[in-house]
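Letters A, B, C and D name the chains as they come in the text, with residue numbers starting at 1 for each one.
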C-alpha cells in the first residue's frame, strides 16, 4: 500500500515534468544583431588530431578573408564580423557536437564548414531542423546534395564531375589505357576513385589494380612493387600531399620510374611539390578551374608570408570563398529594423545561397544550382614542370563535342548517368 | 610457491607444440590455410621470387626501425612492467631534432662538404633530443607513480602521449617537413661505372651513392633494384642492438639493470640505486628511439617529419616487442624484423589488399600468442611477471 | 632570506612556461576574452602560470612569516618575468618561426605585442621596452599577492579559489551556457526555495508544527510567489524590457504563465516551495546537491543576463559571490539539515527519500528542455561513454582483463545497426536507391531501430565472446596488446574496400533512420521521431539506466564475486571452484554487449556511421574514464565520463590547446589520485547475512 | 575407519632435471588427521599441488573416493570435495571477509547470471541461504564481527582462519592445510591445534596437513608421512615415525642449515 503511494508520488512528479516539457517556444528564425555587436559566423573544421593540417589550412583561408573584409555594411550601418571557431574533428560525432552547439546559439548567423564528409553528413540534418545554413569548403561526397538538405551548400566541386573528366583526360587526351588506382582510405579518396573506375572502364580502359593505403602509413614500397608487376602506365592516386609525396618518392624503389603519377585536387598545390622535392616533376593533377589565377597566386603568397609556411592543405581558397559568400549574402538579405538592429532572416539567407549567380571567387566563378552545389564545372589539368603546377589542359562537362565526336557521346552518356547518381 | 604454481608451459617440441588444445588446432588450421593461400598464389604465377626478395629487403629495413623502437618498450617493460605508451612520441622528438639539424647543415652547405660528419651530428642531435624527452617523461609522469596500481601509469603514459603530440603540433606546426636529400658517395675508384659526369671536359666519377642512390643488381638471374641505404640501416640497427646487448651483459650498469628487472626491492637492498637504473633505462630506450628516428628519415622516400609520425610506429613496435616476448632484448629485435617483413611480404603473398596490411600484423600477433602465450622469447620473464 | 627552493622552483616552472610560449599560446589566446573587454585568456594563462609557481614557492617559505613569503613569491615572479623578457628580446633579434611555426606574428618580434609585453610592442630602435617592464611588474605583484592568500584560513582559501575557478570557467564558456536559464527564471526558483526553507527552519524553532504542516507552509509561499509573478506578468512584465524579461532572452519558466501551461507553472511553484521546506531536514547529500544546483543555475542566469550589458564586472562579481556563498554556507547548512533529518521519524525519512528520488527523476526528465541542443548533446556523449565505461568496467574493473580494443565491439554494434536499418548493396540486391525520396519507395532497411537494437546488443556480445576465446589464456599486457590488435583489425576491416558493399567502406553508412516512437494506436499525435539531440537524450538516459541496472545486479551476485576473485588471484579463484573460462567469457560477452548497445544508439543519434568514429582513441577514452573514476565502481565511471567527455567540451574554449590540456590533466589527475576519484566501496553484507540467519533460524525453529 | 578417502599411487613430478616428487604412495582414510612432514625443499608443497590439481603429475594416479582426479583442473577437484589453504596466505585481498567466504561457496551455488540480473525468487533465496551459511562459518572460525572488513585489513591469525573458512565453504570432505601455523606464536599455535581438531570432530572432515611444528604434528596426527628429497621415507603413527632412524637422519643431517636457506631452495626448485 505504502509502496503504491510512493509510486503515485513519483508518477505525479514525472507527469508534472512532462507537463512542463511541452514544446518550448520555437526556434528563432531571425538573427538580430544590436548596433555595436558582432555578426558571428560559425567555423567548424578539424583542428586537432591527424587531420588538423587541413582544418588549420581552411581556418587560415577564412582568417585571411576576414582580414580582407572585416565588416559588413547594411543600409549604411557597419557591423564587424567575428568567427566562432570550433573543432569538429573529422568525425561524425565531432560534427554532431559542433552543429548542435551552433544550432543552439541564436547569435550564430550561419556556419562555414564542416570539413569532412562524415562531419557534414552528421551536421546537415541538425542545421536543417534549426533552419541554419552551412557552406562546406571541402565536403565533396556526392550524396550530400542528394539528400535534400536545405542547409547544405558547398564551394567545392563534388567528386562526380572531377572523376569523370579525369577519366576522360587520362584515356582520351593522354591515351593511357592501363592504370592502377589508389586512394588514401578517406571518404574523399574513396569517393573520387569510385567515380573514376567505372568511367575509365566505360571508355575502354583497363584498371589493372585498385587498392588503398591508410593515412599515416609511410612505407608503400611493397604495394608499389605489386603494382609494378602488373605494368600499369599510370598510377592514379586520390589523397593528400603527405602520402602522395612519399608515394612518388618510393616509385624508384619499385622500378616505377617511368610510370605516370596523377593525383586530384587534394594534391594540386605547393605543399605536394615541397614535400616530394624533385621527384614531383611530371606529376599530373586535376583540380576545379581556375586554380591558377593572379588572385590566387597573390593569395597564396600572402598566405605564406602571413603564416610562414606553405599551405598544409588544398582548401584554403575554398574557405576564403565561403566567408565572402556569406558576407555577400548578409549584405543582400540583411536589413536594419526600427530599433537600428541588423536583422538577418535565416530563411532568406538560405534562399540566397541557393540562388546567387556569378560570384568570382578564388576557386573560380561560382553560381548556385539550387541543390547546394555552387562550384565551377570546369576541371583544369596540371603538371609539375620545373617545380610548379602548370595548367596543361581544361575539360568541362559537355564541352568536348566538337573535338572528338564519338568519345564525347560516350562521355555524355556517362555524365548523364553520373548526374543521376552523383549529385 | 606462488610463482612456481602458475607455470603453464610447453614441453617438448615438434608437433607436440601445436596440438595442445582445440584452440591450437584452430590456430594450426588457420596457419595451414594461410600457407595454402600463399602457395596457391605462387603456383598461379601471381607472385614472383623477385617480388619476394625485393619485399623482403624493404621489410628488413622497415623492421629494423621497429626493432629499435621495440627495444625501448622492452627495456622499460622489463624493469617497470609498464607500457610506455608515449615512446612513439620520443621517436618523434628524435626525428624533429634530426630534421632541424640536417636542415641547417643543408642550408649552410656543410652537408654537401662534410656529409659524413653532418650525418653523425644529426644522429647525435636526434639521440639527445629523444633522450631528453624520455628522461623528462620518466621524471614527470612515471616516477611519482612507482608504487601505484599497474593501470595508472598506463593512463599517465597515454596522457603524456597526447600532450606530447599536441605540443609538437603547436610548436612545429601541423604540416609535414621534408628531410633534406642526402648524397654520400664512396669509393669513386671502384664504382667507376656509377654516378659519373663530365665537368670541364673531364669525366669525374663520384662512386656509389650509399644514401640517396638506387642501383639495379642481378643476383642469380633475378634483377633487383637495391638501395645501399637499406643495408646500412639494417646492419646499423643490428650493430646498435648488439652494442645494447653487450652493454646489458657486460657493464656494471647493465648488470644493475638486470638485477632491478629481477627484483626491485632486493636490488635496492643490495645497494643498487634503483632510480638511477630506471633513468638509465629510459636514456637507453630514448637513445635507441632517437637513432631509429634518424635512421628512418634518412632513407630516401621516408623523409617526412610530422607531429604524429611516432604514434603508429610506436604501436607497431609494441606489437613487435610482444611478438618477440616483451621484456626480452633479442625478442624485441626478432619481433621487429619479423613484423617488418610480414607487413612487407604479407599482402602480396596472400593476395589481399594493402589496406588490410595491419590486419596481417595483428593477426600474426594473435596467432603467435595462441601458440606461445608469452611471445617467441618470452618464457623466462613471463613466468615471473604476468 | 631567500628560501633555498625558491630559485630552483622558479627555474623549473620556466621550462613549461617557455615551451608554451614557443607554441604561441599567448598570441592564440590574446584574441579570446574571458571577461568581455576586460580580461583575455592570454593574461589569464600568464597569471595562472605565475600564480601556481608563486603558490608553490610560497608554501615552502610559509613558516618564515608573511613578509618573507611575499618576498620569495615576488622573486619567483621576477625570475619568470626575466626569463620571458629574455625570450622576447632574443626572439625579436632572431626569427624563430622556421622552427616554431605558431610562435606568433607581429612587427618588432613575433612575441612582442602579446601579454608578454603588456600588449605594447617593444621597439628596439627607440629603446622602448616599457611593455616588458609592465609585464615584469605584473608578474611580481601578482606573485606576491597570490602568496598572501596562503595566510588566509584554509577553508576560506579553498572557497575563494574554487569559486574563482568556477567563475572563470563559466565566464569562459559563456557561449555554451548562456541559453540554459535566464536570470528571472533562476531568481524565481531561488526565491521560492529559499522562502520555503527559511519558513520551515523558523517553524522548527518556534512552533510545534509537524513536518507535513511545514511543507504546507512552503507550498503556500510557493503559491504566493506564483500568484505574484502571474500578476506582474499580466501587467506587461514579460514584454521586452519588462521587469521579468531581463537583458537576455525571454524567460522560459516564467513565460509559462502566459500560455496553456499555467497550471503546470503553479504546481511547479507550489512543489518547489514544499521542496524548500523538506530540504531543511533532508539527508546531507540531497540537501547539498540541491543547493549547489540552484547556485549553479543562478550563476548561469546572472551570466546570461549580462550578455549585452556594459559592465560585465557586475556579472562576474555576482557569479563569484553566489558561488562563494554557496560553497561556504551549503556544507554548514547541510550538516544542520542532516542532524535534523536524523531526528525525524523513519517514516518521514522514507517519504523524504522518495520525494527526493521523484524530484531528481523529474529534473533528469526535464533537463533537455532547458539545456538546449548543445548541452543535451554533451550529455548524450557523456551517457554514451558512461554506458561503455560501465560495460568495460566488467572486464577491467571486476575481472581484471585489460582490454584496449573495446572500440571493436562498439563498431560491431554500430555497424550491425547500420546494416540492418539502412539499404546496402547486399541487402538491397545489388542496387542502391539514389536519393532520399527513393529510399522510401525502392528499398528500405531490413528493420526499424527498435527491432535492430536487441540484435546489435546480442551480436556484439556474441562476437565479443568469440574474440575472447583465443585470448583467454593470455594475461595482463599480452591481453592488452592483442585486444588493441582486435580494435585495429576491426577498424581496417570496416574501412576496407573488400567489405564495401555491406559496410560502405570509407564512405560509411549514411542516412540511418532516427528511432520513431510510434504510439499512433492510442493517439495519432503520439508519434515522435527521436532525431534532435534533446530527444535522443531519453534514449541515452534509458541506455544508461539499463546498463547500470544490469551491471549492478551482476556485480553483486555469485557471478560478480567470481569476477572479482579472478581479478584478485586467478589461480586461487580457479582452485575455489570458479570456472575461469565461463566466467571470463561471460565478462567478455557482457562487456561487449554494452559496447554494442552504445554503438547502436550512437549510430542512430549521429544518423550515420563512419569509420573515423571507430579509432583507438575511443578505447583509450573509455579506459581512461574508468581509471580516473575508479576501477570497479559505477558512480566512479559516471563521474569519469563527466570529466573525460564533459571536460573536453568545456575546454572547447581553449581551442587548439584543448587536447593538450586534456592530456596534461590526465597525467595530473592520475598523479594526484592514483586510485581514481571515486574508488568502489565494498558491499556491506553482514547485516543482510545476520537477517538471513535469523530468519532461517526462525524457520528451523518453527519447523 | 578403513575407508580410504585419498589414494595417491606412485606419483612423479619433475621440473626439468629435478624430480620434486618421486614415486610417492600415500593413503588417507576417512576421518583421519594426517600430516606430511619433511625438511624444507622435500617436495611437500609440490605434493599438495599435485593433489589439488595445480600441477599435473608426470606419472602415477590420484584417486579421491575411488575416482581418479589426477590431471583434472583445480576447479573440478574442488568440486569433487578437496579444498586447501596456502602456505603464504592467498586471500582475495580487495574483497570483504564475507565475500571471500561466499566465493568459497561458489561451486555449491547454482544461480545463473540471468537470475542475478532479475533477482529471481530462486536466486534471492539461494543468496539468503548462502549469506546465512557464511555468517555461520564466520562464527565457527571466530570472525563473527568482521564480515564487512576487507580481507587485507585482517590480522595475520584471522587471515589464516578466514582462509580455512573459505575452504570450508566449499563443503569439502578432505581439507588440505599447508603450514596452518606458519608465523604464529606458541599461544596461537595452541589455539590452532584445538581448532583443527574441532574441525575434524564437528564437521566430520578428513584433514591432511603440512607442518613444521613437530609438537603440533605429533599431538594431532593419526598418521604421519615423512618426505625427503621428493621421496617418502617413512610413514606411520607419530611414535613410529619419531623413532624411525631415516627420519632422524633426514632431520638431523640437514636441519640446521636448511632451516635457514630452506625456503629459498624450495622456491628455486619449483621455479626451475
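Keep this in mind: a contact is a pair of C-beta atoms (placed from the backbone, for glycine too) under 8 Å apart; a residue touches a chain by one contact, two chains touch by 3 or more.
What you see is a predicted model; the values in this text were computed from it and never measured.
Visitor: On the document's contact criterion, could you list the chains that touch chain B and likewise touch chain D?
Guide: In this structure, the chains that contact chain D and also chain B are C.
Visitor: Any idea whether B-C or C-D has more C-beta pairs in contact?
Guide: Most C-beta pairs in contact, of the two: B-C.
Visitor: Could you work out how far the Cα centre of chain B sits from that of chain C, in whole Å?
Guide: The separation of the two C-alpha centroids amounts to 39 Å.
Visitor: Can you check how far apart chain C and chain D are, centre to centre, with Cα atoms defining each centre and the answer in Å?
Guide: About 50 Å separates the centre of chain C from that of chain D.
Visitor: Provide the C-alpha centroid distance between chain A and chain C, rounded to the nearest whole angstrom.
Guide: 33
Visitor: For chain A and chain B, what's the span in angstrom between their mean Cα positions?
Guide: A distance of 38 Å separates the two centres.
Visitor: Where in chain A do residues touch at least two different other chains?
Guide: Residues 48-49, 185, 211-212, 214, 309 of chain A touch two or more partner chains.
Visitor: In chain B, which residues are in touch with two or more of the other chains?
Guide: Correct list: 2, 5, 166, 173, 353, 355, 357-358.
Visitor: Pull out every residue in chain D that's touching 2 or more other chains.
Guide: Touching at least two other chains: 54, 86, 90.
Visitor: Can you list the residues on chain D that touch chain C in the complex?
Guide: Residues in contact with chain C: 52-54, 73-75, 78-79, 84, 86, 90, 92-96, 98-99, 102-104, 106-107, 109, 111, 113, 116-119, 123, 127-129, 131-132, 134-136, 145, 147-148, 150, 166, 170.
Visitor: Which residues of chain A touch chain C in the complex?
Guide: 6, 9-10, 12-14, 16-22, 24-25, 34, 37, 47-49, 84-87, 90-93, 96-97, 100-101, 103-106, 116-118, 121-122, 125-126, 129-130, 141, 143, 146-148, 183, 185-187, 189-191, 210-212, 214, 306-309, 420-421
Visitor: Per the contact definition, I'd like the list of chain B residues that touch chain A in the complex.
Guide: 48, 51, 54-55, 58-59, 62, 166, 169, 173-176, 178, 181, 214, 225, 227, 300-304, 306, 308-309, 311-313, 343-345, 347-348, 353-355, 357-358
Visitor: In the complex formed with chain B, which residues of chain A make contact?
Guide: Of all residues in chain A, those touching chain B are 48-50, 52-53, 56, 185, 211-214, 216-223, 225-226, 229, 241-242, 245-246, 249-250, 252-255, 271, 274-278, 309-310, 312.
Visitor: Using the touch rule from the top, collect the residues of chain B that touch chain C in their complex.
Guide: 2, 5-6, 8, 23, 26-27, 77, 81, 83, 100, 140-141, 144-145, 148-156, 158-167, 170-173, 315, 318-319, 322, 326, 352-353, 355-359, 361-363, 365-366, 369-370, 373-375, 385-386
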